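Please go over the structures that come below.
In the two complexes below, chain A is the common chain; its partner is chain B in one and chain C in the other.
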Partner chain A sequence: MDKNQFRNDTIQILIAVVILALLPLLFRGAYQLRVLNLFLLFMLITIGFNLIFGHTNQLFLCQGALAGSSMYVSGLLALNYGIEPWLVIPLGTLLAGGLAAFFSFIAVARKLEAIFLGITTLSFQLIFQNLIVGLRDITGADIGFIPPELSLGPLTSLLGRSQAYYYLLIIILVVTLLIYRSVMNSNIGLALKMILDDEMASEIVGVNVRRVKITMAFAGAMLIGFTGALYGFFNAYVAPSLYEFTSLDIIVLIMLIFGGKATILGPIVGAGVFTILNEILRPLGPLTVLAYGVVLMILFIFFREGIIPWIKNKTKLPLI
Partner chain B sequence: MSYIPVIIDGIVYGLQLSLLAVGITLIFGLGEILNLSHGEFAVIAGVTAAVLNGVDVNPFISALVGVLLAGVFGLIIEKTILISAYKATGETRILSGMFITLGLGFALHGYMANQFALVSYSVRLPIDTIEFLGMVFRPTNLVAGGISAITLILLMLLLKYTYFGKAVRSVVQNEIGAQLCGINPSRIRMIIFFIGTMLAGLAGIMQGLSSTIEPEVGVQLTIFAIIVSIVGGVRSVTGTIVAGILLGVVYSLVSFLIGTYIATIFFLLAAALTIVFRPEGLLGHKV
Partner chain C sequence: MTIILEGKSLTKYFGGLPAVRDVDFEIGQGEIVGLIGPNGAGKTTLFNIINGVLKPDRGRVIFRGKDITGLKPHTVCKLGMARTLQVPRPFLNLSLLENVMSGAIFGNHNTIARSKAEEIAYRMLEVVGLNHKHYVIAKNLTLQERKKLELARALASNPEIILIDEYMGGLNPAEVKEAMELLQRIRKEYKVTIFWVEHVMRAVMQLADRVIVLNQGLKLAEGKPSEIAQDSRVIEAYLGGGVV
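This part shows the complex of A and B:
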């Protein structure tokens, strides 16, 4: 393990987290706090997606369905059987992780190319959307349902609901990033870098590519599932529109590509830029889709590498 | 007996999906670009033809203008925004092609859905319904099915018996080998993109002819067409046509008997299962 690299990583993560933790002091309005929460929620989902697509090149196009199935399972269990939400969120999280591990297993077992894994997972996303609308009696279809309030303990009375959620998400982010950093500086991190460079060569020198890929899909999807459930509880109203391909998957994909695949800071910067852009575009209504389409095209035509790798190349700063 | 009209509807719908899907199959086979905006070309042509038809332009001329517009637009796309994808190789090319066309699809969808919101368009032919063996048929439906079938047969003949068809198949099989024989792959790709988007346009117009076409339907058309293309084998034109008709009939029957959402789920499952268990498609590798 490279000590300098480890220290460098820790410093950059600390700087990022401190900046994020100070934001609610600058933006105190109810709407601003809501946007800040969305910012962190999407950032966490993007980090999860980065673990899957960024680090192991497995194209998953079902982030919305993973986040949504976790929320629908935990929210509906909590609502209909009166179970404490904190007890059922882990169930939803495990479900998301398990589903992703299953897709990843199929992909490595059948040696699917990225594009075919993409279509399989996209099919799953659309099956999910159809099921939510079709199983009207259970899910409430387009009308959705109101999940029970998630208790945040003393945080709520101390800071108010929105800020309580924000700092809870900050804690989750810190834990995630610290684990992330440790993993990237371990043998698994080396294996991940090798897989990105050349899968076959890493297999030859003894990396168990299959196991690394499935594990990363499981871990990334657990993060997506957990965050997805918090998203639903935070929103206090769960409808299919939260987890649709156009309202979640595409935005997360754009955030990751813009920020930079396989970087730690990429998802943070990407989520920041596009959360703001999303709020600017919101009044456009149906034209938002047009704007996102254009952004996606421009990103893939001119800016495939992402902003963090681009700054790194230009300035020679050791960004992570 | 009441199943027969449903099956006929299914065949007509399946033929429209085949028209869309052969374009996807050919474009992917030649340039490894999975065109995720394909359904939007159908919408462009369908809506154009319907709008022209609505102001009393002859249905045939409206359809022609619609199809040509889709084709020319496709040509412009191929020669501008897809160049950066063609420059890349391997997985990067596949992924950027996929995401650029996905972005294009969203842009067109957003524009069409905003410009022509919540309206159903249709192309009308001046003929009445006919009765045959006690059952009522919509002749426009049969006309749409007939035109689609003839177009698909012509396409297969074109690919099988002409020099151009041989050139297309040779590039699909081995691009470098084709180049060595003096075939220019990028020219072939351009012509196929033109033909593919025109076929998509024709599919949109046929949908406007047999029922209605809504500007919002592009995404669904794209997804269904990709599924048909995958079930048929992403490099096989014959397989794509067979898969289109088969899935169209099953979709109609399941929608009729159970419900649309189950039919949609069935469609999506068909794609996922094909990818997992029979990645080469129904008929295997054939062009």
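This part shows the complex of A and C:
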């Protein structure tokens, strides 16, 4: 059984990655490449969010603040002290992980229900947004700042900047998916399935539910923080608008709900569909937020299960 | 007889009202002890205090000589105390095999390999009589099957003691007999002590070595089944008889 599962996982991950790796050959324009990079960045953030919300039901509404704290800390350190960006990105990443672990710890220690954790983390998101604007002298407020360039070595001269970024993200994605897959097939994966089913029963049969939840928050937020920093460096211009609730959190939430919580393929498909939609809706300007609000309501009311579980149910395909 | 589990003046209030009040008890190694009492007497609450689902407002729980008061259920489980619930809660989206493996993998004091856990799971499913259903998803089980599955999951953690919160409600006489044989077999073969809440008096009176009676949170009586059946206070608590 485990062996079949392993082969099944490998095939599906391989197909997904091959398709993604071929996309830049089809879409070569500068704008298209930019959208493709956004696609992978949001996909990775959604996978991180999935580890937290999808697998352990912890409703974090501060993905933007986690991604943003990581970027602002690493970007500003690199800019102001002339430190090599690759050396400070891990700091930002750890910060994001630490913040999330802290919120998760409070939630389990105080027994906060999902909704209260949601409110707490949303407050943090708003505090973050305010802080960035308030600390004008350091952050440049709305005007933002230009981080130093992230060097990709020979990859850049070989492929051009955008494509180099894209394939770096592909490598990160592959590593992420392989780790994800092996964790899901390990005892931790079993514990995660148990916790999704019934937290109290998991606790009674010997699972340290608190520890699993805090660990998942830490791991998921590290991925969000790491990707969030790459997002800022790739963008070559960092402003609060990148990490606002309406420009990041809500989109990631939609990508995950639409794709399917607690699935491997869900964030990939969800990010694909809504990256395209995001580009289509862009001309609407501020109205996009309204559109997203409506989409989110519709998803929550009618389509909570998500596209991958839905297809899985209809077709009996063993989608992961 | 060695005392394996001990409660000392255990007390728990819910919103000012006592659900369990100053309850003392001792369970000896290898015993089957019945815990009976009318609805709302505090039986489930007492179990919740013992395995750490609830913190007592007062009192201590001593398990194998160690004070476990206030420890989390997952720690208590690893120390060798398994539990089944009044309303069974198997993992509904997992297969029967995975359900029981979960008990073996996480409930044992030491981590055990998956292959070993699978082996244990097969055996325990057999013991409770759910063989040939290994790959069935638990949500397709009937209530009685869920109870059996929970018992198998509890056994898979290789416990010293199991707290069983009602196992025989809704069974016909033949099934009750079968269930009694199962509990006896568990004690004998796996050397498990059993602390057991049950409303089916016939079964308790036949199977238990001793019976503890709770009423309105207080320990009303304790003794051999034959003594309990004669006890006028117990009979009164059950509204004028019908205990046996």
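As a working rule, the second predicted complex is superposed on the first by the 319 of 320 C-alpha atoms of A that agree within 3 Å, B and C clash if a C-alpha of one lies under 4 Å from a C-alpha of the other, contacts with A are read in each partner's own complex, and residues count from 1 in each chain.
We adopt the following convention: a residue touches a chain if its C-beta (ideal position, glycine included) is under 8 Å from a C-beta of that chain, and two chains touch if they have at least 3 such contacts.
Computed from a predicted model, the values in this text were never measured in an experiment.
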* To do: After lining both complexes up on chain A, report clash or fit for chain B versus chain C.
  => fit
* In the overlay of the two complexes, what angle sits at the CA centre of chain A between those of chain B and chain C, given in steps of 10 degrees? -> 80
* Quick one: classify A:241 as touching chain B (first), chain C (second), both or neither. => neither
* Asked: First (chain B), second (chain C), both or neither: which does A:124 touch?
  -> first
* Asked: Looking at the overlay, what does A:80 touch: chain B (first), chain C (second), both, or neither?
  -> neither
* Answer with first, second, both or neither: which of chain B and chain C does A:157 touch in the superposed model? => neither
* To do: For A:113, select first, second, both or neither according to whether it touches chain B, chain C, the two together, or no partner.
  => first
* To do: Mind telling me which of the two, chain B or chain C, contacts the most residues of chain A?
  => B
* Asked: Can A:286 be said to touch chain B (first), chain C (second), both, or neither?
  -> first
* **Distance in angstrom between the closest Cα atoms of chain C and chain B, superposition on A** => 12
* Asked: Once the two structures are fitted together, what part of chain A is touched by chain B and by chain C alike?
  -> none
* **Residues on chain C engaged by chain A in the complex (per definition of touch)** => 51, 53, 72-74, 77-78, 82-83, 85, 89-94, 98, 101-103, 105-108, 111, 114, 153-154, 157
* Which of the residues in chain A come into contact with chain C in the complex? -> 2, 187, 190-191, 193-194, 196-198, 200-210
* To do: Give every residue of chain B touching chain A within the complex, in rising order.
  => 34, 81, 84-85, 91-92, 94-96, 98-100, 102-111, 113-114, 117, 223, 226-227, 230, 259, 261-262, 264-265, 268-269, 271-272, 275-276, 279
* Asked: Mind pulling up the chain A residues that touch chain B in the complex?
  -> 57, 59, 106, 110, 112-116, 118-120, 122-124, 126-127, 130-131, 133-134, 246, 250, 253, 257, 285-302, 304
